[in-house]
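The first chain written gets the first letter, and so on, giving A, B and C; residue counts start at 1 in each chain.
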Amino acid sequence: MAGIVVLMGIYTMLALALNLRFGTAGLIDLGVVGFFAIGAYSYVILTAPAPGTADAYMFGFHLPMFIGFVGSGLISAFFAFLVGLPAIRLKGEYLAIATYAFAEVIQYLFTNEKWLTNGVKGFIGIEQPFRKFFVSANSYQYFYAFLIVLAVACFWYILSRLERSPFGRTLKAIRENEDAARAAGKDIERFKMWAFVIGAAIIGFAGSFYVWFTSLVVPSLFVSEVTWVAWIALTIGGTGNYKGMILGAAIIVGIQEATRFLQASAELATILAASRFIAMGLILVLIIRFKPKGILPERNTVN
Amino acid sequence: MDYIPYLVSGLVTGTILLLGTVGFSLVKRIENFLNIAHGQVLTLGAYLGYTFNVKLGWNIYLAFLAATLITTVVGWLIFKVFYQPIRSHGNLYLLFTSVGVAYIIHGVIEAFYGVQAKTYSVPVSKVLEINGIPIISGTEAAVIVLALGSAFGLHLFLTRTLTGKAIRAMASNLSLANARGIDTEKIASVAWLLSSALGAMAGIFSGMIGTVYTDMGWAVILLILSAAVLGGLGSLYGVMIGAMIIGLSMDLSVIILPSSYRPAVAFAMVIVVLLFRPQGILGGEGH
Amino acid sequence: MVLEVKNVSKVFGGLRAVHEASFQVKENSITGLIGPNGAGKSTLFNCIAGYYPPSAGEIFFKQEKTSGFTADEIAKRGLARTFQTPQGFAQMTVMENLMVVPKGQVGEKPWQGLINGKKVKEQEEEIRKKAFKLLADFGLSEQKNDLIANLSAGEARIVEIARQLMLDPEVLLLDEPAAGINPALQNHLIQVLLKLRQQGLTLLIVDHNLGFISSLCDYIYVLHLGQIIAEGTPQEIFRNPRVVEVYLGGIA
């Protein structure tokens, strides 16, 4: 149960970040998992102990957890800035493809550059925050779920304030009409860059939370499915509506867990695993068909 | 001399990718969205080919025809059931519907065939050797010839037949085509049929050369997107060259880079192209 | 001269849309730029506003060379434009549309917006008051909470002008402001524009509708096939045989 809340929370964080990038600023970003991976690996490399004899990685800075956490957001944001420098001016689908390709390149880099990431072996046994205050792993689980809920609440608060600020208003204007926003004297690339970078920071932090949850980091965790899951959560819940995102994340996790818990014979297990993909696809297709603005659509704000 | 095998395998990869990308671009031009599910159409073709070829023991060419035919019909049905009803929602909704469709096809294939990779039973063919270096196998040669033949057939269809010309008219300007009295619904149907048929062929060809696996749709759609961007999104002839460039550079990159980076080379090229020439190397047709 | 266009040309592919056009706009004047459809008016207009870089020639705004600047830099310097078909932030209210515009909003910096300190709040209040007053002047107070997407074409055009005035511009460029507006609203628009001039604003109006422009403008330039072929007061323009030939003759 606690695990479900944690996963829901992490998907919600991704959806929240995506909502800032897409829902508010109109950026079609298919590279969510790239920043997620950068966040996760940044945390691990900053906090990992020096490599042992069996390890291929060169850097383990053994820094305090807190610095690793802050680093995961900042480094992810920094990479978003580097990617954004040339890419942010790309229109719609071109930005989508560029970010998609970026995320794939990141996955290949993290798989192959063993000196940095320890390759497919990755990092295991990652220490969890405040773990020492808990006797059993079980009781810690509940505490961690609580921590995740707290973090989601934090991001929710920050993002909703941002969205209602003049900054968010200008982003929305750019989403609505770039030509008119330019005529209004807005440097649209700068605003988009901010949305892109802030989104990356949140995705990076989510990477840290994910690492604490799985307690290991390997490249195979960071496949494009993560990006699609974030998009599906956002789309079925309702772009622009925070409650919708939580609902969307809950539905996705529900589908994933329902097909995982029903343990059966090996043959049946394959079919159950496959039905997870079918259910995810079907719900996305059906929601778009019958409720294109999501289950909980955005309400227009009125001053 | 020792680079020749890489060159040949690059040509094979390129021609297969060419078929997949042309089908993708056809839909992009006619319906104006990125059809992420196109990779799964290739996978479906490849698995159906496996069923006929291995499970039913048919000759590979017979299996090829049967699998292509079924995939073509399935592709068209998917268009009717999933895409046509939501066209008015706009292209972003179409894109995400195609993501949903991709997951559905992926799931169905995995439920039927399991996660184990499959191989076709293709008769071991003679390998042409020069100075003891294997150059090209019979299967590879057949794939190149058949794929290029299909591409040329498509070219003839698009330039010589009325329907083909209507597709090109619609691809370059939808409202104009409408105004000229072209039955755009019928043409769209033909485009989807063509796209699925070409996708199925590409899938079966890659099954003949290598293995068939459930994740191949996701891997291949990325290469298709890369080739499409390289050739200028949606330009039908540009993407053919884009596909060849991607195929060749991936397989030749193996000479200087670790082979695990092979696909990454394609994505890196996309990023570079998008940064310096967003309209594609040969772009200009589509803005 | 608040705005000077010097030998500006614009070539698209092989097509020469504007060819060595030169003209000036005097402070606090209402200047017209007319020409039949396809004369290159909108292209020239977009060059001035920074939407297209000119292929050749220079543009000066308040003695500063602005050709080569981006559209937002030009807008911030006080040269505001409207569009041929009104452009707005469709899924935002009229009030929000106006409040987006002002320059130097502290709350547009993400961290300041997040903190929402005293300065941001005060500024928001100021902006709100200013927008409210503008809407009242334009007779749009009742629509302030309507979405732009739900306005009539005429209302959308007036909201667009009001929105661009939130930039505190010195020059307002209007692209066919009378198009698609009913005569009653057109009269209202004329009154509004004359009042703006009284308040010190300079207007440059592009139109092919001679009637509307001649009742407003002090000075008119005529553009034909990308070149300025005549200039003068409305009376002079009406009497100019060249204009009558290429322009009025073309319509009759």
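One rule holds for everything that comes next: a contact is a pair of C-beta atoms (placed from the backbone, for glycine too) under 8 Å apart; a residue touches a chain by one contact, two chains touch by 3 or more.
As the structure is a prediction and not an experimental result, all values here were calculated from the model.
Asks: Shared touching chains for subunit A and subunit C?
Replies: Chains that touch both subunit A and subunit C, as defined above, do not exist here.
Asks: Taking CA centroids for every chain, report which one is farthest away from subunit B.
Replies: C
Asks: Nearest chain to the global Cα centroid?
Replies: The chain sitting closest to the overall C-alpha centre is A.
Asks: Please work out the Cα centroid separation of subunit A and subunit C, and write it as a whole number of Å.
Replies: So the centre of subunit A lies 43 Å away from the centre of subunit C.
Asks: Quick check: how many Å separate the C-alpha centres of subunit B and subunit C?
Replies: Averaging C-alpha atoms per chain gives centres 49 Å apart.
Asks: Distance from the CA centroid of subunit A to that of subunit B, rounded to the nearest Å?
Replies: 30
Asks: Which parts of subunit B, given as residue numbers and ranges, touch two or more other chains?
Replies: Residues of subunit B never touch two or more of the other chains.
Asks: Which of the residues in subunit C come into contact with subunit A in the complex?
Replies: 49, 51, 70-72, 75-76, 80-83, 87-93, 95-97, 99-101, 103, 105-110, 112-114, 116, 120, 123-124, 128, 144-145, 147, 160, 163-164, 166-167
Asks: Using the touch definition from the top, list the residues of subunit A that touch subunit C in their complex.
Replies: Residue positions touching the partner: 158, 161-162, 165-170, 172-173, 176-177, 179-188, 191, 194, 198, 300-303.
Asks: Flag every residue of subunit B that touches subunit A in the complex, lowest number first.
Replies: Answer in residue numbers: 34, 82, 85-86, 89, 92-93, 95-97, 99-111, 114-115, 218, 222, 225-226, 229, 233, 258, 260-261, 263-264, 267-268, 270-271, 274-275, 278.
Asks: Using the touch definition up top, name the residues of subunit A that touch subunit B in the complex.
Replies: 28, 86-87, 90-91, 93-94, 96-98, 100-102, 104-105, 108-109, 111-112, 224, 228, 231-232, 235, 270-271, 273-285, 288-289, 292
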